[in-house]
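First subunit A sits with subunit B, and in the next complex the same chain sits with subunit C.
After this line comes the complex of A and B, so read on.
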């Protein structure tokens, strides 16, 4: 049985990703709350609601895909982001 | 301030459309005064209509327009109200004709591959109805889930899938339009309602595509259906500078792949913006400065072999593949691009609520690097001087229907701190827009590929862009709309009535 515990709904302390972005939940990146103090206030979002938002995005993406084609062809390759920038052209 | 409609006229509107389809309440009027683009909120009341009608037939529209023409009352057509160039924003009040109730599917013809619909239907709704039949109507704007067929015709809209299936002008076979005098006519390819090409008579259909509501109100349209694609592919590649991404876009666009549906490009300013403010944030290393995305649609036997060629071309100039998961997910988001963050930054980096201005243009692809630089120079100057703007970067798509080479749809996204709007800031915004549009003309482009030249900042330049055709355009307007009632004040067309 799923028990609702308020303490489990509070996101952990943020980890810094860049000078303007933090993360508290896996795959969820947020604008640094320190930048939302002067003109706008950051919403206090419980974990369940953030998970719902992330999950809804994937539902939306699936729905959109289904509207345009019967299936998706993939290259079958993962991300090369970790490979770093390419070698400068013309150099050996 | 716009004038007041006489009570007798309201009674006549009720007699034509029915009591339930005539609205004069504040919410009905104010909500139809603007579109989802920066708006002079300090002068909101100048843009409200005096009455909203929601007719259910071409005959009702015709009667409303005849009434307006008789009494010289402005008429503003409105479909989804999602346009980004103020085509549906009343400039002189009057009667706003909202076509949303004309949203029926009249006929699905699976033999001749057409569908006939009312102007008020949304493309996503239409495609859900078409899905069981294995066909789609492939008009795919940023506003796909919320814009309507009538507005798409009025705007001459651009489609994300246009490189493969064509844009609105290619996808609309014929349509019924109520002219400013109330006459109902059907225009198409000659007299063939479901024909794709004719050499008979004058080609009148293009005249009424992209008129921004200044030449009439579309009430029904017969549209192209295409067989639903067996599969799609999207690949995104990351580059360490503008040049390799731009050169990749050029090469892919002219590759001749028959399933190529479009090529997309993000410049360094766009990548920087996505890094700081996109809610669908993807962690991108600092070395990444530009993005090129490539999409294919078609049969599996065509798409699968083409994927290998796309992967080769994407990497040829040093591109790094972003991976299957992000590629396919980000491409899905391209179909629904109204979900912008709606926030930006002040000069000191603080987050503020901002409305989104998307300035679009079509340009020869050779001009893209120079125009991009000039656009950002202009934007930087205004950001520094006024403190209410934010440069959200530039992106581009291949522009031509069926043949995705030669020119590009270029857009620069700008945030505008709308709660700070006053007349000085509004005039600054208009001036910023005008400088961006002027740059486009200097480089041989057209001020808008997708949205229209109906916003302040663009509208004043329409005569310049039209050049030797401007006088002819004015004569056409005056001939079809002798009393200047149809969406008056747009695109400098008032000039048509100043000359004898």
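After this line comes the complex of A and C, so read on.
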């Protein structure tokens, strides 16, 4: 259920994944915010909106697969494509 | 084109070039769109589908910002172009800059916000769209939108008339926020919601003096009036110790969660909930029984604010699949990214023929489905033009709460 409470929209502190990638939300990789301070600043995107974008991408890809693909090739063993779409949006 | 001085000031004394604070906020998204050249936005845009007019495309809306920055255009040249948008969100969702990279970069396309900002800038410069201006003036005067026409007052004292006979208290920890359109124009919707919530065991009240959420004011550029509406509503909530606001209309939900928090540093004390999610949950948990068959064959219209703007598409389908006797022919919610009723952002007030055509096409898509003679939506604003177009071809249009209330055995 999409229950909105403002304090639940602020993203958690980032955890480093690589030298240019961090993660804040489960299964969501983000660019290191330090790389987006000089030329283009990041936007203030609430958690519900981040989840919406991620879910929409999976749903779009699934739709494309269903409409156009005879078979789906995974990128490699343990590819995140094999992880499947995240759970539907819960309380945010 | 407006005559300008070399500094960009219009010779009529108005500054028609974009102020620096506007550019600081919107230059990056404008270039992000213009320089990428993707244009996936075009065919999902309901206005582009109908008009094929390049001036009204999401690309043009962004390119104008760059052109104005460089002095090639003024707001006078393009203000009317920005009327042609329902703010459905299809463009910014489908854009790869959102869909494939928006979360990675924490930077997405924001066409809706660009259009809102341009409309507000036009109003600031004294450029008004005649009907929107009148709509805003009456909303300001009456407290609610003139959804019954220019002469039938929709005041705060009448906004709960739909609840006659239901004995709903005033205030309390949870209130039901019935939007202007449903409250005055389609009262069967809030009545259905009220009866269903009661049947689920949800205790709720109504606001003491509900005003318009302010959404259409933000959308059409009348920001001061929007602020006034929002501040009034928050005062009313606090007056009645309200902590939770249930929104049957996704327009209200989006307006409140996007626009109210910046106006109130204590907004965290409020919790905003969609009625469609509550009802779906109640059905899932067995707290709401739908025992009366509804022998119809229907399809579902994903309202823009619910599907594209909020990503909520499962709850309505869950509800419809729980209604006994109902044959539900679905069209998936991704295909419906390109569908629209045409009602959004008060387009129908200023360009009724464009809304009518967008709705006509939506009804036509429903007619293509085998055996379907009913279209269910979950947004009262969409139901107005869809109902008008549906009547012409024998397609009934229901609100999801109306049909669910029928299945629950209520007569509304």
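Keep in mind that, in the parts below, the second predicted complex is superposed on the first by the 65 of 92 C-alpha atoms of A that agree within 3 Å, B and C clash if a C-alpha of one lies under 4 Å from a C-alpha of the other, contacts with A are read in each partner's own complex, and residues count from 1 in each chain.
Here is the rule we use: a residue touches a chain if its C-beta (ideal position, glycine included) is under 8 Å from a C-beta of that chain, and two chains touch if they have at least 3 such contacts.
Please read all numbers here as calculations on a predicted model, not as lab measurements.
After overlaying the two complexes on the shared chain, residue contacts for A:6 are found with subunit C alone; subunit B is out of touch. When the two structures are aligned on the shared chain, A:18 is found in touch with subunit B, with no touch to subunit C.
In the superposition on chain A, A:43 contacts subunit C only, with no contact to subunit B. Residue contacts after overlaying the shared chain place A:56 against subunit C, while subunit B stays out of touching range. With both structures placed on the common chain, the touch criterion links A:31 to subunit B and to subunit C. Within subunit A, the residues touched by subunit B in the first complex and by subunit C in the second are 29, 31, 36, 40, 57, 60, 62, 89.
Within the complex formed with subunit C, the residues of subunit A that make contact are 1-7, 28-31, 33, 36, 40-43, 45, 48-57, 59-60, 62-63, 88-89.
Taken in their complex, subunit A has these residues touching subunit B: 17-18, 20-21, 29, 31, 35-40, 57-58, 60-62, 64-65, 67-81, 83-87, 89. Of all residues in subunit C, only 28, 32, 93-94, 98-100, 102-108, 110, 253, 256-257, 261, 267-268, 270-274, 277-278, 280-281, 310-312, 314-315, 332-335 touch subunit A in the complex they form. Contact residues of subunit B toward subunit A in the complex are 124, 127-128, 131, 136, 140, 161, 228-233, 235, 238, 240, 244, 275-277, 280-281, 283-285, 287-288, 296-297, 300, 303-304, 307, 311, 317-329, 332-333, 335-336, 343, 345-346, 349-353.
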